[in-house]
Structures are given as C-alpha cells and as structure tokens.
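In the two complexes below, chain A is the common chain; its partner is chain B in one and chain C in the other.
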Partner chain A sequence: MRTRKSRASRDNGLFAMAAVAFGLYLCFLVLPLLLSLKSSFTDENPLRSTSGFVGLDNYGEMIHDDQLHASLGFTLILAVGVTIAANAIGIAFAMMLNRTTLSYRVMRTIAFLPQVLSGVIVGFVWQTILTQQGLLNVTLQRIGLIDSPIAWLGSPNLALLSIGVVVTWILTGFTTVVYLAALQGVPVELYDSAAIDGATTWQRFARITFPLIAPGMTISVTISLITVLKLYDVITVLTGGGPANSTRSTALYIVKLAFTDNRFGYASAVAMLVLAMSAAIALSVTSLLRRREVNF
Partner chain B sequence: MTAINDVLRSRARLVIAGVVTLLFVAPIYLTIVNAFKTQSQILKSPEALPIPPTLDNLSTALARPDGLIQLGLQNSLIDVVFSVALLIPLASAFSFYISRRKTKARAAVLALLAAGLMIPPQVILLPTIQILTFFGLDHSYPGLILSNLGGGYLSFAVFVYVGFMRAVPNEIIEAARLDGASGLRIWWGIVMPLVRPATATVAIFSSLWIWNDFLNPLFILGPLQGQTITTGLYLTIGQYSVDYGQLFGIMFLAAIVPVVGYLFVQKQFIAGLTSGSSK
Partner chain C sequence: MIRRTMLAACVVGALALTTACTNGSTGGTGTLTYMTFETPSLNSTFWNDSIAAAVKDAPGVKINRITSPSTDRDGYAKQLQASGQFPDLLQSITPSTFAGAGLLVPYDQAWVDANFLLPQGNALKGKVYIPPTNSQIIPEVFYNKELFAKAGVEPPKTWADFLTVCEKLKAAGITPMELGGGDPFAASMPLVGILSADVLGKNPQWLQERYAGKVKFSDANVIAAVEKYRKLVTSGYFDEGALGVKYADSITQFTGGKAAMYMMGSWFLGSVPKDDADNFGAFPVPTADGSVVIPFAVGGSMAISSKTKDLDGATRFAQAWSLDPGNLKALIESDGAFPMLKGKTLDDYNVTVSQVFKDSFAYVTDKNTKVAAIGWASNDDAMPPGLNDQLYAASQALFTSADVKGEMAKLDAAWDTATK
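Then we have the complex of A and B:
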C-alpha cells in the first residue's frame, strides 16, 4: 500500500503534464466539435444575441440547397481526379527516382520542394502562370501556339482543370515519397527470378511492383483524398471560388456561410455533413484498399 | 556490348529523369529567376536566367512601409516557436503517460485522438473562436497558439511518439523506478533521449504546418492583429497582380525560410514522411 501511494505521488508531475495536454485537446478539438454539432440544430447568428432550437431544419435545407450541391460536386470531382493523378504520377516518379546515386538523390530533394511551400505561396506562383496575361499565355503566344490568351482560371471547366493540376502538383511530392519507401521494401530477388522466367517490363510492374506497393497506396490515397476534402487556401488564392462559384469547394462554402452570411447554425450543419462524408470516404477507401494489400 | 548498352541506358535514364524533374519544379524555378528580373525582362522571356540580375524587387519588398516581410516572418516565427516548444513536451509527456496505462484506457484515448487527424479544420473553426472569445483570447497570439496546441497537431504528435515509445524497453523504466526516480525524471532523463527521431519528426512537420497554416491565423487573429507571413501575403499581395517583379520578389522572400529549412533537414523530412506512412 505504501509503495503504491509513493509511486502515485512520484508520477504527479507527469500526470499534470498529460492532463494539460489532454485538457487542451478536449477544449480545442472535442468541445468545438460538440458545439458545432449543437449549433447545427439551431439558427445561431452572431448578429442576434438569441438563437433558437430549429430541430432538423438546417439538415432539411441542405436537401434543396443548389449551392451546396454544386460545391459538393466540385469537391468530389476534384478529390477523385487529383487522387488518381497524384498517385499515378507518384508511382511513376518513384520508379523513375528509385536509384541511390547522388544525382537521383538531388533530384528527389528538388522534386519534394512543392511540399514545403504554403498553399498561399503555391496559389500566387501558379496564378502568375495561369492568369489571362500570365506567363503560360505569354509563352504560348510567343511560340505561336495560340492567337489569343486562354482563360485558364476564368471559365468553369478550365478553372476546375487548373486547380486540379495545381493540387496534384502539391500532392505529388508526398505520394512520391510514400511510393519510394514502398518500393524499397520490394525484394530484389523477385525481379531476378522474374527476369529468369522471361517476364516483360509490364509484367514485372503489374505482377510484382504494383501488388507490393499496395500498403503505400492505402495511406497515399487516403491522405490525398482527405487533403483535397479540406482544401481551402490554394483555391481561395487561385479563383476565390469563381467564376460564378464554379470552383467553390465545400470548405469555402462553409467559411462563406459562417463568416460572410453569419449563418452559424446552417454552416455547422454543412460542416457536420462534410465531416461525416470525409470519415465515410476515408474509412471505406482504407478498408477497400487494405483488402488488396499483399503481406510478406 | 551489353555493358556499353547498360551505360547508355542509365545515361538516358538520368537525362530523362533530370528533364522531368526540372519540368516538374518549373514554377519554383520561375519564382527564383524572376525575383531578380525587371518587369519587362519577365514579360519578354519569363524562363530566361536573370542577366544582369537586379535586386530592386527584393529591396522594394523589404522597404514596404507595412513591413509585410519583416513583420510577417517575425509573427510566423513567434507562432511556430511557442507552439512547437509547448507541443513537444506536452505531447511526449502525454504519450509516455498513456503508453504506460492499461491497454483498454490507452486504446480509448488513442481512438479519441485519432479523430483529431480526420476533422477538417473548417468544421471546428467557428466554435474554437467562440471558446477563445469566452476566455478573452480571440484575436491574440496566445489564442492562436492554444488552438494550435489543442487542435490536430497534438493528435499527430502523440501518434508519432506512441509509436516510438513502444520500442523503449520496459526494463530500463522499471530499473529507474526502483532507484526512486519520479515519472517526470524518467520521462525527461531516459525516454526523451531515446525518442529523439520522433521529436525531430514532430518538430519538423508541426513547424512546417503551423508556419504554412492559413485558416486559423486568418480567422483567429483577424486582419488587424499582426499578420503571419502566410496571411499577410494573402491580404496584401492582390494589388500587385500585374507587377510581376514585385510579386516574385515578395514570394521569393516569403518562401526562403521554409525552403532553406527544408534543405537543412531534408533527410529527416523524408524519413519522417516514410515512417508516418509505413505505420
């Protein structure tokens, strides 16, 4: 009994630090989440001091909210397109850079650079390239490929494509690292015996490389999807959600509802929908991809 | 004959890889070279090297009366240093404490923390501001730092630490206990030195994310309370949308800290990404 007591008192300091950490987590993550859930059932508005319980009204409104549907459609297309592109390019880059000599290591270091820049800087850099008088149009006109500038960010479909390219560019550094790590875990003997059996390059990729990098793919695809679903800064800088709200992601829509329209209650309900969707997508993609992982 | 073929093939491979890598980072190349060119040089040939280079863009950016670069870098540094300096001891002490608990309690707490990795920031932004307002900490750096500490970064840090702490042998800790060492002493004196790679990973990634964060500084600090470099860029750079020289100069100066930092720690950076992804 005595030893137990003294052991407990010896752990007081550690317990205090752990408690502070957990308290901060409860206060700034769990509590906000619960408050958000609560206000999704109210008509809370910071311009009015009172807010009333409205039941499921906010959730009902989402069914008929065309702007919400448009933002969900944009976000999902972007998420799927970018995830496919960033992972396909990541696998190709990883195979290309999978050498340990100095020049390849230097290339890796350079290729991961977009990873460390903020979405705001990336957004502005690409804006100088993609705007009407931007560097891309200047160059294309100079070499005579086009006569008049193309509105890369100014028409709905091209803007979607442009944002997709930029976000893929950001994510490719991450997917490449993950696939490089996965490739390093593939036993070389498998390629040797495949070579003896006379396997073609394509067969080696399809039968050895691709199945064995599956664990890397699970994490890479999940993170890519989650990243796009919560993307805010890059789109804000590149198009601000335009033209005509065609590139307004759900993240931008929530912020607009909350801070421009002051509709806290409805913004919270939309936030809950996005949270549920992110969780559902992440969980189903993870379990789906897990099934095709090969373990040694 | 095959030997010569192999050499040629690996040369060709190297050249192709080099060209592809350079094309991929072309936007970064454009930012660097054009930061040292005049507007007319940029429009004439954006891809050309800056010959002769001009420092006008950089000095104009540094001489701005609003101190966008200097104040922005200073504020970002304050935000990152205080957040990470508090995050690391809190997260690692918490991880050590929880990794010594019974399996069920540990699993429950870790599951609750896992939620923090999944929650999109805009879902909790609004109530976070309300909570900070309640404590009188809205529009302040302490408020921003507290929400950094409590938000998703803690989940990330705890997951990294718990993974590494599993590898710390129980015998060492029990031996120290028998010698009468307190929990705090064991954590700081024995565990922390053993999980240095975890600390490096947490420090690198949380610094980068907090430095690059946009939504929290924008809405928690508000426009009048001193900008971080990220929000400062967003709020002021719009007016320069046609002055490319100025734009590239400002972006060059804003990007140089994370890029130089990355080049210094790129080995640990890549190791961190990989250890996080292979679970």
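Then we have the complex of A and C:
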C-alpha cells in the first residue's frame, strides 16, 4: 500500500515537472515559432502597429532575392567545410587524447575550452590575430614568410577561410569530446584480437574504430551542421558580414531585414526557410549516418 | 483548495505585473522614459549630469533613463517599439525612420527658428523632429603636414591636383590614403565624399529626384564619379589590404604617420592627438573645377514620441536639454561636432579645440555649397532604410571589383525594393 502511494506521489511529481518543461517549451519555442510563421504571411513592420496579410508574397520574393541566395550559399559552404574539418580534427584529437593519465585529462579540458567561450569573445580574440596589423601578420612578417600583411578578413575568399578556421576551432572542442566518449565505448578486446590477427594501425582504425564511433559521428555531424547554419555572433564580430556582404550568413541577413530594412514579415519568411532547411538537412544527415552505425 | 487559490492568485498577479511592466511608454505617473546611449566620452556621468541640469529647467519632470545596448539607437528603438515600450524621448535617432510611421511629434517651429543657426537643417517635409544642435562634415580629407612637406606637396584644390598629390606621395614611398575598410561605414567614406561633391554638388536635389525616379545610380554622371574612386584604388593610393583594416586601427595608423591622408567624418577631430594636433590639417574633397562643396549632415539632440502621455513635460525637458551649451561641450571636444546654437561662439561652450577643428568649423560657418552627405543626412535627403548598408557594401565591393555599373545597378534595385 505504502509502495503504491509513494509511486503515485512520484508520478505526480514527475508529471508536474514534465508539465513545467512542456509549458516552457510551448512558451519559448512553439509559440514564437507559430507567431513567426504567422508574421511570414504579412507585411509586418516594427514601426507600424498594424500589418496586412500578403499571402505567399514573401515566399515568392525569396526566389528572386539575390542577397538571400548569396547568404545561403555562404552559409552552406561554411557549414559543409566546417563540419568536415571539425569532425576530422575531432576524431584525430580524440584518438590522441584517449588516455587516462593526468596530463591527457588536462589536455582534454584545454581542447574543450573554445566550446565554453562566448562566440563574441572568440570573435574579438581572433580579430586581434587576423586583422591587418594583427598577431598573425606581424609574426609571419617577423619570420620573413611574407613581405606585406595579408588581408585575412579583407578579401572575400580569405575572409571565408578565416571564419571557417575560427568556427572549426570552436567546434573542435565539442567534436573531440563527443568522439572521446564514443571511443571509450569501443571494446578493447576487439583491438587485441585485431593485433593477434596482424592488423595494421590503419586497418584497426578503418575496420574497428571508425565503424564503432558512428553513433558519436551522427550526433557530432548533425550538431556541427546546425550550429553553423545558425551562426551569427562570431561573424558579426569578425567581419560584420563583409567585405561587400561576402561573409553575410543567413542569420545576419535575417537581422538586417528585420531591424535595418524594417521588414519583419519578410525576415520571418526567410527564418522559416532556414528552419525548414536546417530540419531537412539534419534529418537527411541523421538518417544517412544512422545506416552505417554498428552495434555490438 | 486554499493553496490552489493562492497559487492561481500569485500567477495572475505575476502576469498582471509583467503586463504592467512591459506595456505603455512611461515608467509611471509623471516619469518620462529617455533612451540614451553611451560611449567613452558620453558616459553614464555625462547623461546623469545633463539630465539633472535639464530637469532643473523643466520643473516637475522626472526622467527614467534607459541605455541602448549599442550605439545603434535606431535598432534598439525599433525593438522597443515592436515590444510596446517605445520611449517618450529618444536621443540621436534617425528621425526619418520613425516620423514616417507617425511615432514622433515635431518641435514648435518658432522655438526652432529662434534658437538654431540652421533651423531647417534636418527638417523632414518642413517639420523638425530633432533640434538641430550640431553638425558634421562627412567626410573631409585630413592630412599629415609633415608627410606632405616630405613629399613636397600642398593641400590640393582640384581633383587633378589631388591625383598629382597622391602620385607624388606614392613616389616618395608614403601611402597616400588611409582606409579603415574592415568597417563598412569607414570603407564608404571616399565614395560618400566623391558622390556628395560630384553628384550632389552639381545637383543638390539629386536624392529628392532619386525618390521621384528622375535620376538613377546607374546614370552616366554617377558612374563617372564612382570611377574616380576606382581610379584611387587601381592607382594603388590605398594600402592593398585596406579592407582588412578596422576603423579603430585606421585612426591609429593615420595618426601614427602610416599614411598621408584620411577621408573621414569630422568626428575624427576628436581623435587628433592633442600633443601633435598642429601636424594635422583638413581640406574638402576636391572637385573637378576647384569649387568648395561641403558634404554636410545636421545632427541633433532628442526626438519626442507621439505616444508620450506627458507631451508638455517631454517638450520642456527636451528643449532645456537641447539649449544647454554644457551638453555640447563633450560632443565638440570628443566627437568633433560643430555647435549650431544661435548667438553662441566656441568660447561660450568652454571648450579646448585644435586649430584643425577651427579650420574645419570655418567650412561650416563660411558661405559655400553645402550638400547632404549621401547616406548620412537625416532630413529629406536621408536614404531609404537599408540603402546605407548597400552603399557601404558597394564601396567594399568596388575595392576589388571593376564592375561599377553592376554595383550601381544593385543600388538602384535595392532603392526600388526599399521604396516600393
């Protein structure tokens, strides 16, 4: 009887906690999403108290919006490049740091550090490194590798590369930790058996490690992609979307549409597009990567 | 049951409190919300002292100061408006952005006429929404006298002379022009100067005519003006990596003698090193025939919300604040603002300014052709929302691209989208 009572009491507690979580989810995610969806069918302007229904006009406009296409192109290139680089480096780092001694544990903490820093702080730090008279140019000039400073943030291609490096640096901390966790789930006996069979290091990686860290890879790749698709803070600080809007991510473009051009309605429509794209990409990548997951 | 009732009452109370805090523009009976911003020189102490002084002249008014999280006052004001918290008073916003939506009330014209040198300096359709307390030249060409002497050149009067000066400086191993191209607004300064001098200098109504669709950025005269900027770029008069130089670094580099000239708004006067101020001079962006054209923008103090519940109090406070010379002192000394209060000399502001400030101020007080600084004017010549960004982007793009016609066509397309 006491057990049944305490179970009922526990269930009520869990229900209350779930209700709070569900309420917060509704308030801060579902409701704003629905409001944004509604706004995307209007000509809402932050300066006017009323707005008119415009049907699918905002969505139609996106087809011919060259600036949107450019920002989407930049965002997708960055997302793919950074995801590949951050995950490749993450796997390498995880394999190097997959030890239990104190020094390796300290190094794991250091590797994760970029992930806990605010994007704004990271942006400012890297700005002092990458500007014309920044640390990188000064160092390269002092050791005689270059004669004049390189515009790391001042030419479209180099700015893309620079942002890619910075975002990769941030994400590598996360990917390293995910792959470390995945590596710790790989049975040591498999490596022992492979060693007895005479497998090389590469064969052990390709046949054992890589297939068995697939679940970690699914998480790591998906979250990396989503992180870059909504990137705002680092780019704002590093380049502000320049030069000549060449590094303007879709998130920056949405903010510009809403708060500079006063086009809340159209900005909401673009936000809906990005949401749909992110969801589609995340679902496709997840289902693709899950196919190659191996369970023991 | 009692517990449930108490809980429900608390939730309702909390919701009511939240609603009370977020709705309405005033912070309480008789309290006016005043949106300000902060910079190193216009800091919290400056605002609190200036508010205290103005309140003395506007008895009965209470001010609740709120601070914009960045210097983008317009953006913050839009967020406040969107969330139903539009302030009663808004410092240094762009009136054209808000007046069109009926969010601002104009000042009494007789009061404006009685107190300011250029009463209509930032008027919109004849109405003044921000008292025209100060002005800027955007841009003028600052130069390093020592580097000019080293290259054996004098400040030029015509565009041809200007190119000769650039060439001689380059030949002497001196970078002719500094450019903080990493910040879009700073990157646009040469283009703003050339367009204002060449296009608006010949047709001061050009921006009005652009609104009317009578002229376009892709017209031959505009293309020719922009080609002048391209000439500066392709001749190597800017540092090759100028688009990687941040605005703050460009100031340091110019004042540190790394380049001979710097096209920038007159706010740069606040950054002229005090111990080396005599080494710097300024001249207007040269025109083809040597005529003096001053790209000009009249700034001001605060706008008054049309939603305010105490229009009389808001007006009395805003008028008192706007006419206090003490409030302009910081702007003059740190921001290179040129005061526009009627019947006052520089001495009345108790300021210490350099000779280059006085020389620049002379361009404001002298009789010459003053035109709207394209992209910076806040009067009827203000560009549509978003066009400034497009102009900045074009300036950066034209640093590496020769497609002048293409960039001007993009500006035309953006203008048409913004005004449709």
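Keep this in mind: the second predicted complex is superposed on the first by the 271 of 296 C-alpha atoms of A that agree within 3 Å, B and C clash if a C-alpha of one lies under 4 Å from a C-alpha of the other, contacts with A are read in each partner's own complex, and residues count from 1 in each chain.
As a working rule, contacts are C-beta pairs under 8 Å (C-beta built on N, C-alpha and C of every residue); 3 or more make two chains touch, one makes a residue touch a chain.
Small disclaimer: the values here were computed from a predicted structure and weren't measured.
In the superposition on chain A, A:Pro243 contacts chain C only, with no contact to chain B. In the overlay built on the shared chain, the residue A:Leu56 is in contact with neither chain B nor chain C.
In the superposition on chain A, contact is made by A:Leu153 with chain C only, not with chain B. By the touch criterion defined above, A:Thr260 lies against chain C but remains apart from chain B after alignment on the C-alpha atoms of chain A. By the touch criterion defined above, A:Leu47 reaches chain C but does not reach chain B. Shared-chain residue A:Val178: touches chain B; no touch with chain C.
For chain A, the partner touching the most residues, choosing from chain B and chain C, is B.
In the superposition on chain A, contact is made by A:Gln133 with both chain B and chain C. Chain A uses residues 127, 131, 133, 259, 264 to touch chain B in one structure and chain C in the other.
The touching residues of chain C, when paired with chain A in their complex, are 75, 78-79, 81-82, 97-98, 100-101, 103, 181-184, 187, 239-246, 249, 253, 385-386, 389, 392-394, 396-397, 399-401, 418. On the side of chain A, the complex with chain B involves touching residues 7, 10-15, 17-18, 20-22, 24-33, 35-36, 39, 93, 96-97, 103-104, 107-122, 124-129, 131, 133, 135, 138-139, 142, 169, 172, 174, 177-178, 180-182, 185, 215-216, 219-220, 223, 226, 229-230, 232-233, 236-237, 251, 254-255, 258-259, 264, 267-268, 271-272, 274-275, 278-279, 282.
On the side of chain A, the complex with chain C involves touching residues 45-48, 127, 130-133, 148-156, 239-240, 242-245, 256, 259-262, 264. Every residue of chain B that touches chain A in the complex is listed here, in rising order: 13-14, 16-18, 20-21, 24-25, 27-28, 30-31, 42-43, 45-47, 89-91, 93-94, 96-98, 109, 112-113, 115-116, 118-128, 130-131, 146-147, 149-152, 154-155, 158, 177, 180-184, 187, 208, 211-212, 214-215, 219, 230-231, 233-234, 237, 241-242, 244, 247-248, 251, 254-255, 258-259, 261-263, 266, 269-270, 273-274, 277-279.
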